[in-house]
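Each of the next two complexes has chain A plus one other chain: chain B in the first, chain C in the second.
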Partner chain A sequence: MLDQALSALLLQAGWNATLVALGAALLGAAAGGAGAFIFLRKRALVSDAVAHATLPGVALAFIVMVALGGDGRSLAGLLAGAAGSAWLGLLAVDRLTRRTRLPEDAAIGAVLSVFFGAGVVLLTVIQTMTAGRQAGLESFLLGATAGMLLEDAVVIALGAAGCALAVVLLRRPMTLVAFDPGFAASTGVNVARMDLAMMGLVMAVTVVGLKIVGLILIVALLIVPPVAARFWTERTDRLVAIAAGIGAVSGWVGAAISAAAPDLPTGAVIVMVAFALFLAGLLLSPARGVLAAVLRRRRFARRVHRRQGLLALAHDEPILEPLTRRLLRREGLLRADGVPTEGGRAEAAKARLDEARWAAMRARRDDAEAARYDGLTPIETVLAPDEIAELDRRLGPRAPEGA
Partner chain B sequence: MRLRPARPTQPALVVERGRTLPDADAGEAALAVRGLTVSYGESPAVFDVDATFPAGSMTAIVGPNGAGKSTFLKAALGVVARVSGEVSVFGRPLEASRGRIAYVPQRASVDWDFPVRVIDVVEMGLWRGLGLLGRLTGAHRARAREALARVGMEGFAERQIGRLSGGQQQRVFLARALAQGADLHVLDEPFAGVDAATERAVVTVLKGLQAEGRTVIAVHHDLSTVRDYFGRVLLLNVRRIAEGPLDEAFTPETLQATYGGRLEAAGLGALAAG
Partner chain C sequence: MGAGFVQLSLPPILIGVFAAVACALPGNFLLLRRQALIGDAISHVVLPGIVVAFLATGSISTWPMLLGAAGAAVVAVVMIEAIRRLGRIESGAAMGVIFTAMFAGGVLLLEQAGASGVHLDVEHALYGNLESLIWFDATGWGSLLDPAALAGLPPELPRMAGATALIALATRLFWRPLTLATFDEGFARSVGVPAGAVGFGLVVAAAVAAVAAFDAVGSIIVIAMFICPPAAARLMTDRLTAQVWWSVGFAVVSAVLGYVLAGYGPLWLGSRHAVSAAGMIAVVSGLILALAAGFGPRRKRAGENLTAA
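And then the complex of A and B:
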């Protein structure tokens, strides 16, 4: 099974599997990129309503195609139906939010459940039909690549590529609207229309992704990549690019795993891969990660202990805190019996001088530099040497012997 | 009081070309607004306001809280929809003059945790000129840096905007407006919650803009500094109370009419006389 996954990963598993992996990667990139903007616009959950609103469209399209004498299996036809009802769902959320006093979360909840309920009813109706080949319709819920036709893979790959292109074209107005809608409007961007375009893009990604990821989990492919990307950057353009990359890797790897284990729903596998990438960021990100935060707190606590220990030494006070003693001893500033070493006395005098200089500066000025006093920052990093000399003159003979 | 029919479907309003506004004869008007009415719900936030801002002037919009100062500006720039009213910018319809306007929103209106650096925000001021496909050139980047230097923030270009003080954030917004290279600068409460040094820096930049012949309009809430910073005022309390040069429009009588009893209570009556 590992062999199979590996060969699918390396595009060695045959033309069909290769195209599915490519389609899934493109879909992931488009979803990550489009998702980044709704994440930044703080409207991530609208995509959940849109996704669930595709179900009645899929079912209706099937019924219509069968009624017209087909077998109801045309992916393009099913996706067209999905797009139609998703658009209705989107407009419903938009209108409910704009035209009534209903908050957006309530509008989303109402639209999501009503459309999904209608879809389930229609699916039940379909099960009683004798004509058509209904097998496979349920794969739209959780996604499946097993038994996917070549032409299906082409439809998905082309659709995903189109969505990715739209993300590239609209990146600037979408960024403006997400960051500062007032400013965006003042430069002539139609904010309401751009919001609708953003949601239309999300809808397109959702529809294209129905077959592979499924409507229940597509929201995860839209949201998890940008949230994961947020750990790694403070720039919008990079956030979008990283989210697209995480989405692409998730789609690719997920499709490969699913090729090796056809019983697993593809959508779930893809989302689990994306989640693993999210976890990596959560733990390892240098700026926003959990581990980095723990390390920063520890480092800060140690700086506080060291400084307070040195000041205690300077004032000939005993140090009782075990951590403080340990830190100073490790630096060779303190002997085991609590008496400072030569170096310890020098460092203590330096800390005391620093405090005295800060006190003199705070007494004299109330400007931005003085406001940076935190009891830890050495004054040399804030003031120029001549300014410090000036402070020392003010301190006069009372200035303690410095290092 | 004139009442104009509502025109809700066509917010972008138009003064036919060539037709001058009756109150715009004092040189070209940078911004002229007629009969502007805006409402949130049933009661108007701004009602039937006429105002003219001559090119090259520096005007404070003054009024009590909830007087519709910000709403007036947003509606004039098409940021919020108007119920009725006409707007022209440098004698042309608003939409035709977008490229000549720079708007600085209230600082509180954006999410400062947004993944964007100082220089990125300033460069947003250049995007309009780029279209969907254009790329930022070296000249663009130099212009953004220059704008940042003008507000004294060149050392902060790479910093994420959430890691700035309130005053620094205001300077970044101003730098974005400068990068736009606009002729009409419209600022919403640029001095709200900023430190004294930033207030001085912002005033210096605004006066510099006026010296270059540009027009400045700012919502301002500190009556005591109106005389130092601005040449004209628009006193607003849902309706227009007074408008014009300080000598004419910024008087104890007009302030009394704008603030009612609140002015006396705040002991600010003497300010206008000074």
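And then the complex of A and C:
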């Protein structure tokens, strides 16, 4: 099983699996990029309505194709139906939001559930039509790559490549609109048209992803990569690129795992890979990660303990707190019996002088520099040497405790 | 309208009505608080909880599944909050990450469970099995007064009725704090209403409704009933009391009409097979919303002129 996954990962598992893996990676990249735009535009959940709205279109296309004498399984035909009803769903969200007092989230939820319900009704109609024969439309719910026809794989790979190309071509105006619509309009970008293109791109990704990821979980491929990318950068252009990368890796690895375990729904596997990458960012990101936050907090706590310990030494008070003792001993400032060493005495005197200078300065001033007092920042990093000399003159010769 | 109706259609219709009302009641407040999609999120995240409960107990029994679902809902709420705070991510996106990931996890677990050959699948979780909730012991309307026959009611019916009664009672009891905290949180706090606790309680009520309804009717109805009846009601009136009553009415009409259309509609059209009742109930609620959006007397935002638009 591991061998199979590995060979699919390295594109050695045959022409079909290679095409599916490439298609999934391209789809992931396009979804990550397009998702980054709607994430920045704060409309991530609109894509959920679009995705669920594809179901009645798929079912209707199947019924129409069967009625016309085909076997109803042409992927291109089904995807065309999906695009049609997704467009209607998008229109319905837009209408409800603009023409009535309902907020956008309510419109999204209403369209999502009603269109999906209509799709389920049509699916039961299809079950009675085919009378025992499996139409296989259920695979559009959660995605399936097992036993995919070559022509289907080609359709998906080409569609995904088209979406990825559109993301590359439209990245500048879309980033601009997503980040600051007002500024974008002032530079001559047609914001309404860009919004429409953005939603069109989301729709295209959704429709192409139906067969691989499935309509229930495709929204994850649009939402998770941008949120995961947000941990690694503060810049929009990089956000789009990183999100596309995370999406591509999720699609690639997910498709490979699914090639080795054909019973698992491909969509769920791909989403779990994306979620694992998200968790990695949440834990390990240097700026916003949990680990970094814990380390920062620990470092801060140690600095406070060290400083308070030194001040206690300066005032000849015993140090009872175990962490403080341990920290000072490790630095060689304190002996095992709690008596300061030579170096410890020097550091303590320095801390006391610093504290006294700060007190003298804060007694006189009430400005931004004085507000930087936190009991940790050495005053040398805030004031110039001549200002410190002036403070020392006020404190009097060799009498820091006078303040 | 004889024995066959009481046996085959009455229990599913009643369960559908109770489920619809139980979801529509908290839905009103969620809608006004801009949290309409919480119902959607909850109905996704309960899947792993139910599957874990199933894997742990090895059987499809009610109480472990309800507990598992409730546990999953709590885990989801905590994780969404953690991501929002730790990663400084906007709440809609945080919700999207968690509910899709948990649903995907549930689907994968389900495949493991499916290997053991027990009937529990994704389609069941989505569409429910409303049509199969049949009252075998009923022989006619008289069975409603017959204790022996009543004992044979599908267990989903009393459970759903109980959950609905509980939620209706809670809505009545906490009406004042709920309204205050929904419309003006700052004012609510200043007169001593614990707005945070009220918001949390509302989410818990929504979770109870979703979990109870989920098992009987599937998640489509849950999501549709959380949103469509309250949204349609919102377009009918400006007063909250009236809105809640409208939404209950819409929910009941959707459930009854949806079930009847699904069960009997195809017969009228000459087909022998019924279609999905859960899907049809959602569709009817959507049609009601569409009518309200087109003709509801209060469909515009305050200040917009109805005739000019």
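One rule holds for everything that comes next: the second predicted complex is superposed on the first by the 364 of 403 C-alpha atoms of A that agree within 3 Å, B and C clash if a C-alpha of one lies under 4 Å from a C-alpha of the other, contacts with A are read in each partner's own complex, and residues count from 1 in each chain.
As a convention for this text, a contact is a pair of C-beta atoms (placed from the backbone, for glycine too) under 8 Å apart; a residue touches a chain by one contact, two chains touch by 3 or more.
The structure displayed is predicted, hence computed values, not measured ones.
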First, second, both or neither for A:216, with chain B first and chain C second: second
First, second, both or neither for A:14, with chain B first and chain C second: neither
Partner chain in contact with A:332 - chain B first, chain C second, else both or neither: neither
Partner chain(s) touched by A:343 [first = chain B, second = chain C, both, neither]: neither
Touching partner for A:230 - first (chain B), second (chain C), both, neither: both
Superposition-derived comparison: chain B or chain C, residues of chain A touched: C
Contacts of A:169 with chain B and chain C, given as first, second, both or neither: first
Contacts of A:182 with chain B and chain C, given as first, second, both or neither: first
Touched partner set for A:375, first chain B, second chain C, both or neither: neither
Chain B/chain C common contact set on chain A: 42, 230
Chain C-touching residues of chain A, taken from the complex the two chains share: 39, 42, 44-45, 48, 95-96, 99-103, 105-110, 112-121, 123-125, 127-128, 138, 141-142, 216-217, 219-220, 223-224, 226-227, 230-231, 263-265, 267-269, 271-272, 275, 278, 282, 288, 290, 293
Chain A-touching residues of chain C, taken from the complex the two chains share: 31, 34-37, 39-40, 83, 86-90, 92-97, 100-101, 103-105, 107-108, 111, 122-123, 126-127, 220, 223-224, 226-228, 231, 234-235, 262, 271-276, 278-283, 285-286, 289, 293, 296, 298-302, 309
Contact footprint of chain B on chain A as seen in their complex: 40, 42, 169-170, 172-173, 175-176, 178-180, 182-183, 185-188, 230, 233-239, 367-368
Chain B to chain A touching residues, read off their complex: 74, 77-79, 95, 98, 101-103, 105, 109-111, 114-117, 120-121, 124, 127-128, 130, 132-133, 160, 176, 180, 186, 195, 197
